[in-house]
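Next come two complexes, and both contain subunit A; in the first it sits with subunit B, in the second with subunit C.
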Partner chain A sequence: MMGKGEAPAPREPEEEEEDTGGVVKLISAEGFEFVVDKKAAMVSNTLRNMLTSPGGFSETRQGEVRFPEISTHVLEKICQYFYWSLHYSSGKETTEFPIEPEITLELMMAANYLDT
Partner chain B sequence: MSGGGPPRKRNFKIEAFKHRVELDPKYAERTWKVLEHAIHEIYNHNASGLSFEELYRSAYNMVLHKYGEKLYDGLQSTMTRRLKEISKSIETAQGGLFLEELNAKWMDHNKALQMIRDILMYMDRTYVPTAHRTPVHELGLNLWRDHIIHSPSIHSRLLDTLLDLIDRERMGEVINRGLMRSITKMLMDLGPAVYQDDFEKPFLEVSASFYSGESQEFIECCDCGNYLKKAERRLNEEMERVSHYLDAGSEAKITSVVEKEMIANHMHRLVHMENSGLVNMLVDDKYEDLGCMYALFRRVPDGLSTIRDVMTSYLRETGKQLVTDPERLKDPVEFVQRLLNEKDKHDKIISVAFGNDKTFQNALNSSFEYFINLNNRSPEFISLFVDDKLRKGLKGATEEDVEVILDKVMMLFRYLQEKDVFEKYYKQHLAKRLLSGKTVSDDAERSMIVKLKTECGYQFTSKLEGMFTDMKTSQDTMQDFYAKKSEELGDGPTLDVHILTTGSWPTQPSPPCNLPTEILAVCEKFRSYYLGTHNGRRLTWQTNMGTADIKATFGKGQKHELNVSTYQMCVLMLFNNADGLTYKDIERDTEIPASDLKRCLQSLACVKGKNVLRKEPMSKDISEDDAFYFNDKFTSKLVKVKIGTVVAQKESEPEKQETRQRVEEDRKPQIEAAIVRIMKSRRVLDHNSIVAEVTKQLQARFLPNPVVIKKRIESLIEREFLERDKVDRKLYRYLA
Partner chain C sequence: MGSACSRKRGQLVHEDDLYSARFSKSGSFKWLLHTLPRSNSADVHRRGQGPAPGRCPSLMELCVAKVREDMNRYSDFSQLPRDLSQQIFNELVESGYLTEASLGAFHDCDLQDICLGEYPGVTDAWMEVVASQGQSLLSVDISCSDVTDSGLNLLKDCSSMQSLACDYCDRISEHGLKTLSGFSNLTSLSIKKCAAVTAEGAKAFANLVNLVNLDLERCPKIHGGLVHLKGLKKLEKLNMRYCNCITDSDMKYLSDLTNLRELQLSSCKISDFGVSYLRGLHKLAHLNLEGCAVTAACLEVISGLASLVLLNLSRCGICDEGCENLEGLVKLKALNLGFNHITDACLIHLKDLINLECLNLDSCKIGDEGLFHLKGLVQLKSLELSDTEVGSNGLRHLSGLRNLQSINLSFTLVTDIGLKKISGLSSLKSLNLDNRQITDTGLAALTSLTGLTHLDLFGARITDAGTNCFRFFKNLQSLEVCGGLITDAGVKNIKDLKALTLLNLSQNGNLTDKTLELISGLTALVSLNVSNSRVSNSGLHHLKPLQNLRSLSLESCRVTPTEIKKLRLAALPNLISVRPE
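Showing the complex of A and B:
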């Protein structure tokens, strides 16, 4: 959804309409909490659905999401990616997004899970 | 879908880890129970206790561990069960609440469906496409369609309710349009086919029978105008209905139903309705009704052509009556004015009510062309009308008014087939106007000529323009004559000569009458002056066309100035030397042609108030045995008395015949010229083609008669311009 070079300008007002300010707390398997902007979290389609689905699941109400299967260092990388993606997806310039080889597999699984 | 940054590959397939497959065999069953519970909770509006992440992870894992099918089937059966319950609760809703309940449940279902789709997103994304199953959202809609809308107890009830509500609205009740909108939107959401089959089709059928019944009822009791207004209102109502709570696609369908039932099926009856049909509307200038009819009829096939046909036949019929009614023929000016009024009236109808439709304008034009040419005196009358307008009618009128009237006349002129006949008459009438100085405005005259020129070309007006030139030169000549010869002339009568070029003017050779000696002297002086300045010309006096102002003293010494024609002057001058003369004496002394003399005597002796002569015996007509006396008892309030000749303004029957004959005579060389022109370029041509081509070439001036064309061809063969082909007798050859 949010691939490089996609998400042209007209999309942005829509995102802001869905949820402007506000932050969401992402909690890793070990219990570490990462507070990120909702806007950044919504780079993930899974999180986007989670936060916008009607009917008020507990996550929407409490503003925090637990990931019992994602470890802290992966989640940290994911959060970094959210911001990286948010920053570069709309513009043309890109920089390398560094990934350490040892977490690659876990990161890929998480990406599949989060539909990012 | 996956991977945003350059390091990650898109569409990377993640395989499940091998060791996880060996997990607890009850894992799937357990996970499903969690999800099933969640689905029920969602339907129960109880989702707040659920964790999206947990459910998503459960579904994710199930799919990952190849339990996608179980998950999907479980979802399908759970949802089906829920929907069956919902169906029961909707069924039990009473009367009017039925739709509201249905709508409320539909809203619930939609919301639940969205939530379920969200938590099962991973399945939707990976399992559904690979297993070729229906996506969750669509599945939810299909299940709703099959178990709610198509459930036997709801299906027909829903349709009946909707149709009943629409029927009630048609009868003037107010219904809940918002609810209707939601329901039809639901049907559309379930797929256009559902909307069309389960609602639209029956709706159109019911509407058709409703409108067929209503139109039958209306047409029995309403006049055409009212009926049309009602139909228009119904049509607008239906369009409004569509915009309020039906799918936009239904508009064309329902309007075509109304159009067919209310208009197309009754079209002929409406148009021909007694006392209020199209013809009555036209007669009474009912712009509003006509506009309504136009707007409605244009919607149905053949609608406009029906109106047009009826209008055309009406126009032709009234036009025919107008031009052939002998009463009307008595006054040419009135006759043309009526034609103009008729044209104005229908022009206005077409512009106001028929949106200036080109096809209607053409119909109007062709109708006028048809009936104007039914009367072969139309060219004469139109020319007379112009004559009347340019003679006196336009006095005081502004230039624009003149233009407007002339433009209108030109419009009628365009309809004429025998334009050359018009030219002939126009020339005569123009000549009379110019010579008697009755032209009101030179500008108007010229403007008319310019119009004729643009319409028919230079050839048509060259002679008319020649007449104007002659008038101008005559004026200059006369000034010059008096400037040079004034001493010679002394106190004699003043002479004003118009020198007319032969050929340009409609002159008829007439033997000159004997002019009184006083006049003769001046004339001779002028003749010698003119021939002195212009070598090799011939002057002939057209005594039948001139006028004279003479002073006369009557019995008690009262003096009057008499404005008379040249002939009348000649007659009156005789009475300077004699008190009484017989008709024979006068005829001998003046040598005026008999018919002219009779007319001129009649106007001198038989018109009350202007009878400067006395006739014995007193009677209305002049006979050759009458005697005339100077009427010294003549009185008049006016100092200047104008004695017009008794001339019928309109041509009399023999005159008409004569003009006709001259026109026919003039046409001969034109037809011959056309034939020669054509043959010169074609060399060989058959008879029918020649006739067609000649007709085409001369159309702008007149409609040549095929018989005449044939005669001309024969004459050309005689004179060896053409010959018949030796083999095929129908072919003609051009002989150079």
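Showing the complex of A and C:
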């Protein structure tokens, strides 16, 4: 398992065999749906485990994950982070990732849950 | 997150290497805490601004950094999950942003680790919040703080505590130490340089039956207090270095601590009789008696300590007679016999200590014949022969020590001819030849040692011609050539040693500003010394690219403190040590 803060999925050689194609649907507490690339979602170690563990989670089959405890605006921020992280790691992103003070703590709790 | 916390706890008791001097800010320099950067602050700074190339900051790290930035928005973290508030707390401490005011937000947060060691401004007023963590609190470090008895007493209900460090807390009295007796879950206690640890004050230790690590270094009044340790059967590590009031009569209370693995007694006032109380400590792996008034007679007792891996007898009164008792200590990996009266006759008893990796014979009366007995010690990585009578002939006995990484031949009788014999030691990384007999010829014999990272030719008579050899030592991180014979022409052979972090060219009176120009590309340099040369104010500007420079010495040159100061302000922000100042 990868530690937090290490480079995300695409850098690991073994990942090449993994199915990182396609999209996954992330659903917020209010029922709002975010469709993101699977590759992006797997920046989160928690999601990665869900999406890659063989036959384990129903989420894998249905291609959607529900987050009854994460509100829409926080989930949106998290999706933005996933893409920021991918760009950062490939050297395309150099600007800071903006975080609004109002949501910092909520975002932090979600980041903790998602191990990202 | 949990792992980060436990790592912190583990760090509270230092794994002191007996052979490395550890710099620590001591209590008497508390005022410096306000001016020195926190040890990790540079990293944190970097993390806040975006980490090292390639490594993406986690969202968690970004959030923690953001909270730190906006700390004035927060007054209460008690509703946050514990591991999150712990991360915020750690970040504030590491970055030096924690204040008495912001600490208030951590009231009742169930924090497990409060590591405020060496943090500036910690007083009793902070301890109320520390204590509010209650039974969650597992580890506290308030070293170098101004906490007093009443501050310490606030912690009395935090009885889950496993680790406590209050080194250099000079406001805590004998009476205050009584609080400690309630912490019966403590496995680690560090209370360095505390005058309150007296025969009376030490009573508090008697209850701490779970202690595994106890650090009482530099407690100046501990004499008579060790009686309270005798029931601490779980103790594995006990540090009493520089407790120079400890005498033989104190030692008897250690005799039943049979789980002891590490015992540090350097500079205690103990004699052979005191050592005799250690007879039964069969698990002892590290024993440090440096500077104790013991003689070779104590080796009879030590010879029974068959688990010993590290034995430090430096600066004792050891003579040859009795050294035969060293023969059986075959597990020894490190042996320090420096500054004793031993001769070649002692070394014969070391020949079967084939696990030795580190041997120190500094300033002993040994010579070429003695080295013959070291021939078979093929695991040796480090050999210290400084200030001995070892000469060129003796070095042939060392030519088979293929694992040798470090050898010190300074102030020996070794001459150029001898160096051929160590030219095959390709593992060598550190070589000290600070010795007037060594010249260019000797250095030329060593060009095969391409792995060298540290080369000390301080007093060797190396000329510009000899500096041609330096191009074989591309990995050099430190170089000292101070024999007086180097000119700017020789420095041309130094300018490409890009890995250099330390360069000492002092005493070479002919060096000019040209030298500074030549070395201006050595941007890794942290320490530079060109004292006693013709370097002048007008050459200083060449040093501007040396952004990592922390120490600069230009004594007895044609430079003025004012100009150096200007340089520091204009271009060298990391410069903290400057001569002349």
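Note that in this section the second predicted complex is superposed on the first by the 97 of 116 C-alpha atoms of A that agree within 3 Å, B and C clash if a C-alpha of one lies under 4 Å from a C-alpha of the other, contacts with A are read in each partner's own complex, and residues count from 1 in each chain.
Just so we're on the same page, a contact is a pair of C-beta atoms (placed from the backbone, for glycine too) under 8 Å apart; a residue touches a chain by one contact, two chains touch by 3 or more.
Small disclaimer: the values here were computed from a predicted structure and weren't measured.
Within the superposed three-chain model, A:Ser89 lies in touch with subunit B and with subunit C [touch as defined at top]. In the superposition on chain A, A:Arg66 contacts subunit B only, with no contact to subunit C. More residues of subunit A are in touch with B than with the other of subunit B and subunit C. Shared-chain residue A:Pro101: touches subunit C; no touch with subunit B.
Legend: residue contacts after superposition of the two complexes on their common chain; A:Thr116 is shown touching both subunit B and subunit C. Contact with neither subunit B nor subunit C is seen for A:Ala29 once the two complexes are overlaid on the shared chain. Once chain A of one complex is fitted onto chain A of the other, the partner contacts of A:Ile78 are limited to subunit C, with no touch recorded for subunit B.
Counting contacts as defined above, subunit A residues 4, 81, 85, 89, 94, 96-97, 99, 108-109, 111-112, 116 meet subunit B in one complex and subunit C in the other. Subunit A meets subunit C in the complex at residues 4-8, 78, 81, 85, 88-89, 94, 96-97, 99, 101, 104-105, 107-109, 111-112, 114, 116.
Subunit A makes touch with subunit B in their complex at residues 1-4, 43, 45-46, 49-50, 53-61, 65-69, 81, 84-85, 89, 94, 96-97, 99, 108-109, 111-113, 115-116. Subunit C makes touch with subunit A in their complex at residues 1, 50, 54-64, 66-67, 70, 73, 80-81, 83-84.
Chain contact summary for the complex, subunit B toward subunit A: residues 1-8, 10, 12, 14, 42, 45, 47-53, 56-57, 60, 111-112, 114-115, 118-119, 121-122, 125.
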